[in-house]
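The following pair of complexes shares a single chain, chain A, combined with chain B in the former and chain C in the latter.
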Partner chain A sequence: MPELGHAALLVTFGLTAYALVAGVAAARLGRRRLAASARNALVGAFGSTLVASAVLLAALLRNDFSFTYVARTTSEALPTAYTISAFWGGQEGSLLLWLLVLTGFGAAAVLLNRRWARDLIVWVVPVFAAVAVFFSFLLVAVASPFATQQAPPDGAGMTPSLQNPYMLAHPPLLYLGYVGLTVPFAFAMAALLSGRLDERWLIATRRWTLLAWAALGIGQLLGAHWAYVEVGWGGYYAWDPVENAALMPWLAATAFLHSVMIQEKRGMLRVWNLLLVLLAFSLALFGTFLTRSGVVNSIHSFTQSSIGPWFLAFIAVTVFVSLALVFRRLPELRSPTKLESPISREAAFLYNNLLLLALCLTILWGVVYPLLSEAVRGEAVVLGRSYYDFFLRIFGLPLLLLMGIGPLIAWRRASLSSLLTTFRLPTIVALAAGAVLLALGAGSSVPGLVAYTFSAFVATTIAMEFVRGTRARKALGAASWPSAFGSLISRNRRRYGGYVVHAAIVLLAVGVAGSSAFDSVKDARLERGESMTVAGYTLTYRSLEERQVSNATEIRALLEVRRGDRELGTLKAGKNAYTIEDQLSNEVGIRSDLLTGEDLFVIAEQIGADGVVDFRVFVKPLVNLIWIAGAVFLLGSAITLWPDAREQRRLVARTQEIGLPATR
Partner chain B sequence: MARKASPARLVIALAVAAILAVFLLYTSIAGGGNPSISPSELAGRSGTVQLAGLVLGPVRGDAHADGLRFGLRDIDGEANTTVPVLYTGSVPDLFRAGRHIVVDGELRNGTFVADPGSMITKCPSKYSPSRNSGKD
Partner chain C sequence: MTVALVLAALLAVAAVIVVALPFLVEPEPESDRLGELDGTERRRLEQLEARDRALAALKELEFDHRTGTITDEDYRELLGPLRREAARALQALERFGAPAADEERPEAERT
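Let's look at the complex of A and B:
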């Protein structure tokens, strides 16, 4: 069996190498049949990668410990679902998943766009193939998932905190996001290589970028939720390098999704967009590199491995070649229009881009700072939480405000008086909200108060847009209010889906501000019967129970919760002791208030032999809005992603306008 | 009348970005950030540092009372220096002798006094409990 997997990977390597060489030759010489052959090789590479993946999956499911990879990541006792998640639990498997998704996306993107973007596709194929060659080379020569050994009686098992449903979805979603960013990158490079620099590469990849971006966003939120409920230190984001690795390409992609609109409408920012795509893709590669290389100290320290230098070299080549291509085409990339006024939608989008990029690069700086300072001063200096928090406020809060301003401001040039009319209501609402919150005591954290106020502003603008649009549809003859609302969204999915995503970001901002700027925490050592009070809650430690389950011993402290005179029931917090893995894991107790979105979060830090427990209790206001934001984000992304026949027609018209070379 | 669009505005925007970049460099070099060092480099240092090392037993005491005491040694070590550490606050699940940890704190009278709750554990390899990370 391992031979089959290895052979399949060799075939993938061969096919992608052929697609690369033949694709370049076909594009340069204008050979249509050769181009088709290269394309078929790329599609075939997806098939052979699928075979290799099936072999690995089968080995995992059969607990075939003669596969080194299987023995290292699973054990007999591991439940089936987690055995499947071991596919991406280790380095070799996750590289295989990268390659599988990459070839799959490549095949799909090429086949779906082959009719109306043929002149681009001839170059998309070799670009995709080049990336796939790199990954299949790694899998064949450096980190094979099909290495074998004398089968041990049992595998090493999986770290308890990864034995969690989140691990079924979180890593693959991040991979979908990372790999998905290859699609816009490949089309951008194809546009540069072919010299067909019109807007089609953007339009062709908009949905792919959105898909990748949405997957990255949801993947990160799932990771945050996992950290919150499972890792149990009382937070959801720690600015750890590996977390940042996923955030950076997401920010770059967010900037790209916005600046794309400027290019589509006004033909501006053409070089900028190319650079953003390059940045997003390089950061996706860098993210994979960070996760896998262990060059920076991270709480997520995965197997340190030999693939680091390969990745760095590949990133360097990618960046160098892409920049050279952009540079070569620079004269042709001059935009026909210029920014007319600093108060216009274009300008607002530009500010949004600068802020997103500033935030992204600040984070990048923080991630690589230990390496840089080590190289320069001979001593690694680690930038802590305060660094990131500071810049999140500096760049994030204006960004939040711009989210309300950008979509409502006029194109080209907006007058101040029109601004006053447009933003009168949101400003009043925001100031009123600020005043009320200040009176309620939110002044204890200025950034928190500012975040709330700005959120109120943005929320009002979004609500206004929906009300105005629905009214207009009603006036145009919609039968009822709901149908007017429905047709509003379905007729302009991109715009209103965008607003829904913005609403999600508002929820996220409020949730983050509430839970980080206005939270309470208290530590106490309690004996049975003793109580502690935190932020209005009274917790009484009642009893300690111990239970034996299949792979662990569960110890739980039982607490009674009261708030004022109201009994709020009981809460359990404790630890699991995993037998095979010989590890402890915190099992926190969380009580969510459905009305206020507040969480009471209890950690049993230390359980003494005499039943004395050290508790750490957090009260986190509004934290549940963050998870609700995830659902709203998904909804908004789905609205914008939904196929749109009218958009497709516009696209075809545009293709005809440009005129494709008749046949080649 | 359409005025002649000036590229000056873009320049302004880029200048803003440049200022921010300088600002960034300044703050990150001047303020914030602790040197990350290993136990053998600790001797004679003052000020808060981030110490990364291998936990040496015996681990004694109570992190939630008068403090947990253990030794810390270089992870890949020719150096045999062991620094005594005093730690209070949350102890991560993965903490034990033989594990790699990172703590913030400073050296006081020969003992590294860690900032409360600053400990981060690093499993030598998250997915494959390494066979040679035996308990000392």
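Let's look at the complex of A and C:
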């Protein structure tokens, strides 16, 4: 039924175009029914996009190769789960997913806030619609997933590296993140357009921003784990432009989530916050452009790509119009208060923002540099790992330290003597940890040692906050220590959920430092029965196995692993030969030590016809802390996202006082 | 093909109905104006935000002092300006005739 899919997309395009035009007219003329009609159109667009998505999904599941998209991304032999993941595995499908999530989020955000912030919603609808018009236009006119052809006997199949369970969750989560950033953008633009620059746009979008930010964060960690176990090069983050595409909006959103607290607490940084929202959204668009335009795979594909110029034009228009709106409202955005002291919580958050932004823009420069060098000098110069690692240390390590300092300083100003009192224990713990690690030989990497020392500092401040807060709650009348702890978190979910997220970042920093600064690697060509030793592990190559599965031939080298006299079992590493796709993939062997967090990581680089195998073996200390950090990050995000009844009551009371409806 | 076209036509009709619904439900409303905040209401909303911000800051300061995150010295120095700020916000609201929000007011402010 490609006709139905195409028609559904046309309906979506029509509805979003109507929502844009009618929405602007309703807002400018103050027409209530027209505004409701525009809102209905946006909600209806979600319904029609859902129909289009259902048509594509059905075609994928039926292996209907008369759909060009289905034939290009799947095959008869492809397992069902990966057939479903083909929905977002190609350009057209992923754009359809963008549109589906966009219209879904738009409908939900508009309906949830329609009473409470109705004077904002009138403008939110056309802003959302403008973004949706762009994506639906692309799907209708430039990159339709419903193009048809004479059905071939079988499809081309899916790239082997995408045939991994992580691909079921990683891309959709990134899309939730990218698209989720449209919500704060739409409300920010609505606030500028309507002149309603009070706090409501921040309140209405806080959880949406958190949701998008959390989805981007988890999506990136899943992507890193996918790269680690599937791509088979021995790492988890390569500073690849597509990876950076997700990191940049996440960094901008992280900066926003911190600076927005300054606006809420002190009424400051109103322009800055609007600019951060614009930056995060523009980077989300830029990320989608990078991922799907082909520009990063080949510089020359930029001019050949049908989608790239459209995206660049849309990003340019978005940035220009948004900046013009901010400029127009500048007099109304002046802050009523000023920074009182460079030693205060808001100042610490500001430093955090500057460092995050510097890191974000440095990465952006690294991503666009090949394009610029190609345009200027005719030769694409790619900035390598050393460039990114250098700036990660320059900006990342102070950021790590600030994570421990910021929450323990008073708002407005703090005295030097109180700083000495507050930070005495964390400093002692950090210095002691640094000294012990130095004695244990961690001085071989200065950045690694600094990262560990700073991590000890931050971990101590977080522990102090929980211990002292729980003690205070107990003193205030909590029945037991567990109830005091529970009440501490439930009474200020943002603050203590934030600390849990900070704990996740500490785990991440320790894992990254351990696995990158203190890892070991060794290459060896082994015949059956031969051994190699790396970082205390002895690996003996025993045999080579071959097995046929539904869509590939699996070849695995079997290795026995020992550490000293202790037998640690066996490990398999090898390759998969995908018949239909005619491609080979590395299938690495990993042995994780749950107690130490260390991984033994084996790649079978070359497998000779005579059974001789070229192995590359890594030992990565503490790498598993990175994945544990993901679980802790999820927990912290869930705590911050959980609805806060007290805050709801306060907001309801405030809105009732000026006669707005009490429901959100 | 025919089924697909019929379904597509039904989808288009449904879209038109959804869009036209506000006009179908209320063909001749008493007022079609959007209920927006006037200038006074907007200023009052800003004052309410300022009041809530000041009271929340006082509450946080008290808790941070109780936990030991804020030292006695910093607490004494910050308390006065925050109280004055909260008082100013409440006075400004009184000019609008709004009641103060007692529920979330911290102990320091009530005393």
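Rule of thumb we're sticking to: the second predicted complex is superposed on the first by the 642 of 664 C-alpha atoms of A that agree within 3 Å, B and C clash if a C-alpha of one lies under 4 Å from a C-alpha of the other, contacts with A are read in each partner's own complex, and residues count from 1 in each chain.
Here is the rule we use: a contact is a pair of C-beta atoms (placed from the backbone, for glycine too) under 8 Å apart; a residue touches a chain by one contact, two chains touch by 3 or more.
Values in this document were obtained by computation on a predicted structure and should not be read as measured data.
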Partner chain in contact with A:Arg591 - chain B first, chain C second, else both or neither: neither
First, second, both or neither for A:Arg270, with chain B first and chain C second: neither
Contacts of A:Val51 with chain B and chain C, given as first, second, both or neither: second
Footprint of chain A on chain C - complex, ascending: 1, 3-5, 7-8, 11-12, 14-15, 18-23, 26, 29, 31-37, 41-42, 44-46, 48-50, 52-53, 56-57, 60-61, 63-64, 66-71, 73-74, 77-78, 81, 98-99, 101, 103-104
Chain A residues touching chain C - in the complex, by the definition given at the top: 1-4, 7-8, 11, 14-15, 18, 26-27, 30-37, 40-41, 43-44, 47-48, 51, 118-119, 122, 196, 198-199, 264-267, 408, 410-415, 417-418, 421-422, 465, 468-469, 471-472, 475-476, 646, 649-650, 653-654, 657-660
Parts of chain A lying in touch with chain B, wherever the complex brings them together: 72-73, 89-90, 156-159, 161-162, 233, 297-304, 338-342, 347, 350-351, 354, 357-358, 361-362, 365-366, 369-370, 373, 379-384, 386-387, 390-391, 523, 525, 575, 581-586, 603, 605-606, 614, 616
Residue ranges of chain B in contact with chain A within the complex: 2-3, 5, 7, 9-10, 12-13, 16-17, 20-21, 24, 27-28, 32-37, 50, 52, 62-65, 90-94, 100, 102, 120-129, 131
